[in-house]
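Got some structures for you, see below.
Below are two complexes that have subunit A in common, paired first with subunit B and then with subunit C.
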Partner chain A sequence: MERLLRSYVWALYGFVYLPVAVVVLFSLNDSDLIAFPLKGFTLRWYDDVLGDARLLGGLFNTFAVAIPVALVTTVLGGASALALTRHKSSFRLVLGLLVILPFFVPRMILAVSQVAFMHQLAITKSLLTVCIGQSLVILPFTTIIIASVLYRLDPALEEAASDLGASAWQRFRHVQLPLMKFGLMAACFIAFVLSSAEYTVSFFTSGRAQPLSILVASDFRFHLSPTLYALASLIVLFNIIVVVVSELLRRRGEGARK
Partner chain B sequence: MERSESELSGDAGDEGAQSPLLVARNLTKDYGPVRAVRSVDFTLRHDSFVTILGPSGCGKTSILRMIGGFEAVSGGELTLDGVDITAVPANRRPVNTVFQQYALFPHLSVRDNVAFGLRMKGRTAEMAKRVDEALAIVRMEAMADRFPAQLSGGQQQRVALARAFVNQPRLLLLDEPLSALDRKMRKHMQIELKELRQRLGMTFFYVTHDQDEAFALSDWMIVMNHGVIEQQGAPQDIYRRPANAYVADFIGGANLVPVTVMAKRDGVAGADTPMGRIECPCAAGVAAGSTAFLCLRAEHLVLSPAATARAFDGVVTHVIFQGDSKIVEVEGAGRRLTLTAAGTDGVEPGSAVRVGFDDAHAWIVAG
Partner chain C sequence: MASLEDTRRKEFAVLATPAVLFVGAFCIAPLALLFLYSFYRVDFVAMVPDLNLRNYATVVTSETYRTLIGKAMLHGALVAGFTAVLAYPLAFFIAMRVKVYKAALLTALLIPLYTGDLVRIFAWRVVLGAEGILNTFLLWIGATEQPIMALLFSTGASLLVLTYNYLPFMVLAIWIALELLDRSLLEAAADLGAGRFRTFRHVVLPLTLPGVLVGALMVFALVIGDYLTPQLIGGSSGVTVISAIHDLFGAAFDWPLGGAIAWVLMAVLVTLIAALATLALRSRLGRALLRTR
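Our next item is the complex of A and B:
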């Protein structure tokens, strides 16, 4: 039984990560063909990526979207998490459901409805519309991450702050904010990763300037080359670093609360 | 409400002993349909140690939280130094609280925890000096740069105290502050608390469910049950003259024997008891012709009594060793009675004994 479980776990990890490993492998293979046998080691595909103005433009667009989206969804997520965990209103359940709902609606439907809505308002599609569209689908994630941190804070800490003369703003500034700091940072990183990897909403809401995910998807369909594999490897590496850093931050936050 | 700056040693004495510090009138708390506090009245004097004692769920913590401003008052009013504070938010009340689990800020050092209140009120000029004084009083100067997670329970307790009293509140609220400590530490902290209060000259309002703690600490006790005050008074009075059977039973150590009251005059009742007719002082609610309880304290029942005492025969059912004394349970006069006795060699379960008491120590309460 033990062995069966262990092999199942390894099979699962293999299923998830082997394709990624194959991508990394071919990104280092000295051949135009994405096929075995391997020819030799090279870094020229990475060199190509870094010299490709179109891809670099896409990368720039991705950052131009991901940074504001991460900041906006962290601030809004923090605010909604505070409202959900701290306000004793009967309206709270409705509010919570409304924040979480986009989670359960297919992205495609959200994206199409956004495009239709923007069309009605005569808003031209641009990176701004991508930002707005992505923020909506990423907000539930940041809200849940920050709310999970706030939910575990002892409410007596805020009472103690009031007791010691802190106004609502001082309570937020000197107690809630420092204690949710690591939750906010973790949410910000996750939002950044989600934004940079987002495809569906970006595809429908982007105009002429297209983020990297759109470029990569169309290249995979129309002219597959090891350059793309190098790019994909870089993205994976970058995302792993971001997720690890955010998890370390979140744990440090837990540690501060012993 | 702002108080002039003064030394930590307090200045409650010059407020005039007649005017009370805090008055609660018809104080009521409802949680939805549940009435947790039922229109209670009490008064706190300056420079006193008041405990509010009751089982969990009796409403004692709700009262503390209403005084602290953490729970809205459902009915009645609270007056502090003659000012109605019923609707004043927690952060503008001259009251500070020591929370049950301390609620120290985990992201701040001991020093910054203690400085928090002064910093919030912008009193930074005097802050360093007063924080140092407060830490010295609780003997935590050496720990000033540590964080709460690095302290033991007793140390956290002392920081929580310093964080509250450094603000020189008119009233210090303590919500079962010793319940998380072990027995030895608790005894030690009781003495420290009592000394600290005398030194500061502040009024402490102390919530507890522990009878011994209440008797050990207070100048004034409020005994609660089911949202009402059963009795309030000096600890000695509550111990000697409990107002009713509930209080007598809750404060512990009392044997309650059902009796029929035959006559009552001038606070003295005559009652038919299983030990014969007894005349002794009684509580207010006792009426002639009613059933009441004879209250006999464990330490007033003696084995092998003198010939003059009222006595009856019994059989020992249990003996509990307590170090310097024993708790002996005796079946006699149709009841199981508990008594404490020292040097009772030879008393074992099953042995026949004669139990006696002095009528002067008896007390009758209504049911």
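Our next item is the complex of A and C:
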């Protein structure tokens, strides 16, 4: 029974990583065709990516969106997480439902409602509207990540600070913030990664300047080439680094719990 | 002098207001506007604000939209079921059998999730395509003479990739439920002579069902909202209620009808989710999560 369970777990991880392995494999394959048999090893697709001005422009836009989105959702999510885990207010349930709402509204509906909203207020689509739309989608994630860290922190330290006469601000600045620092950083990284991968809302809210995810989507549809696989591999590699770093940070943060 | 309670209340307001305003302005208000639009009608290329229920009548009476909404619910429920069955043993393994590498295993599960929908979808097209890995393998072992075209661009392929996409959400939900399980109950069951299977069947499973339910809710909502997977994997079967909304907001300019479909879909979704969430929150797990520290 135990052996069966163990093999099952390995098989499932195989299933989870199969597509990623395929992408990396073909990004290194020396052929225009994405098909077997493999032809040989090459790095030329990576060379192509790094020399493609259009894709690099998209990458710039992705960063121009992902950095503000990560910061805004971390601050909003951090404040909501504190309100949700440290207060007994009767509005807690309302706040929780509001913050989680964008997760449960189908993303396409969220996207078209943004389109209607921008139309009504005559707002021009730009990277700013992409930022707003994405922040909405990502806020539930950052709130839950930070809340899960706060939930496991011992509140005794914060109570002690209050008992010793610290003001709310002093308690936040000198006790809560240092304790939740790593949770905030983890949330910030994950928001960055989610933002760079987001497609549906970005597609509807972006104007002429388009983030990488949208350029990649149209390329994937109209001229599929191993260059895109090289790009995807680079994105995966980058994401793995960011996620692993943020996970390490989160675990260091949890060292602070009781 | 302000009482402690007043200060706490003020603090809560300061913390909660930014997120409430943000969601209110950029989620609730646009959705409300979409609701308003759903009563308009379209005259050539402009929307006319003469309020009527025609769009809702269209949605409710049209065979197509009813079928599409039904299909979305069915696929949501199927994928929720698939992920639950696949995820439970893994979540059980991580929660009950692993000590040191818990976080590493969970992180490893989440990494493909962060690679973005498109990267994963196109990888699946390579795996499932006519010259894909699976077909090449089947040809090689002689299981088939011709590549099986139906591996890609079918409802089955779409459900497979949706299951793949949302599996991590289900694992996390069940894993949390298992971690919160009071271990002394397991000892008690063992002391009372229950075998492993009976303990699982009568103690572990019933107490972690709320976790499965929470996971199912998330997966259900995510599957219904998924636009890219059915489109790029499902082929001709890829028409969904979501792609219908997309089309009405794009080439087939009819925002009011699109808004009406969206709101009918959300009404169905909210009813289902509210019913299931009430069930989940009434449970022990729900109460544990609602408790402050």
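In the analysis below, the second predicted complex is superposed on the first by the 247 of 258 C-alpha atoms of A that agree within 3 Å, B and C clash if a C-alpha of one lies under 4 Å from a C-alpha of the other, contacts with A are read in each partner's own complex, and residues count from 1 in each chain.
One rule holds for everything that comes next: a contact is a pair of C-beta atoms (placed from the backbone, for glycine too) under 8 Å apart; a residue touches a chain by one contact, two chains touch by 3 or more.
Owing to the predicted nature of the structure, the values given are computational and were not obtained by experimental measurement.
S.K.: Which partner chains sit in contact with A:Ala160 here, subunit B, subunit C, both or neither? Use first/second/both/neither.
M.R.: Touch partner of A:Ala160: subunit B, not subunit C.
S.K.: Does the superposition put A:Leu179 against subunit B (first), subunit C (second), both, or neither?
M.R.: first
S.K.: Quick one: name whichever of subunit B and subunit C touches more residues of subunit A.
M.R.: In the superposed model, C touches more residues of subunit A.
S.K.: In the overlay, answer first, second, both or neither for which of subunit B and subunit C A:Trp10 touches.
M.R.: The answer is neither, since A:Trp10 touches no partner chain.
S.K.: When the two structures are overlaid on chain A, which partner does A:Gln170 contact: first (subunit B), second (subunit C), both, or neither?
M.R.: first
S.K.: Report, in rising order, the residues of subunit A that make contact with subunit B in one complex and with subunit C in the other.
M.R.: Residues common to the subunit A contacts of subunit C and of subunit B are 154, listed in rising order.
S.K.: What part of subunit A is in contact with subunit C in the complex they form?
M.R.: It comes out as residues 1-2, 5-6, 8-9, 12-13, 15-20, 22-23, 26, 34-36, 75-77, 79-80, 82-83, 85-89, 91-92, 95, 98-99, 101-110, 112-117, 120, 132-133, 135-136, 139, 143, 150-151, 153-155, 168, 190, 193-194, 196-200, 204, 213, 216-217, 220-221, 224, 228, 232, 235-236, 239-240, 242-244, 247, 251.
S.K.: Residues of subunit A touching subunit B in their complex?
M.R.: Residue list for subunit A touching subunit B: 154, 156-157, 159-167, 170, 174-175, 178-179, 256-258.
S.K.: Quick one: in the complex, what on subunit C touches subunit A?
M.R.: So the residues of subunit C touching subunit A come out as 7-9, 11-12, 14-16, 18-20, 22-24, 26-31, 33-34, 37, 86, 89-90, 92-93, 97, 103, 107-112, 114-120, 122-124, 126-127, 131-133, 136, 164, 167-168, 196, 217-218, 221, 224-228, 232, 242, 245-246, 249, 255, 258-259, 262, 265-266, 269, 273, 292-293.
S.K.: What part of subunit B is in contact with subunit A in the complex they form?
M.R.: By the definition above, subunit B touches subunit A via 68-70, 89-92, 95-97, 99-101, 103-107, 116-117, 120-121, 149, 163-164, 167.
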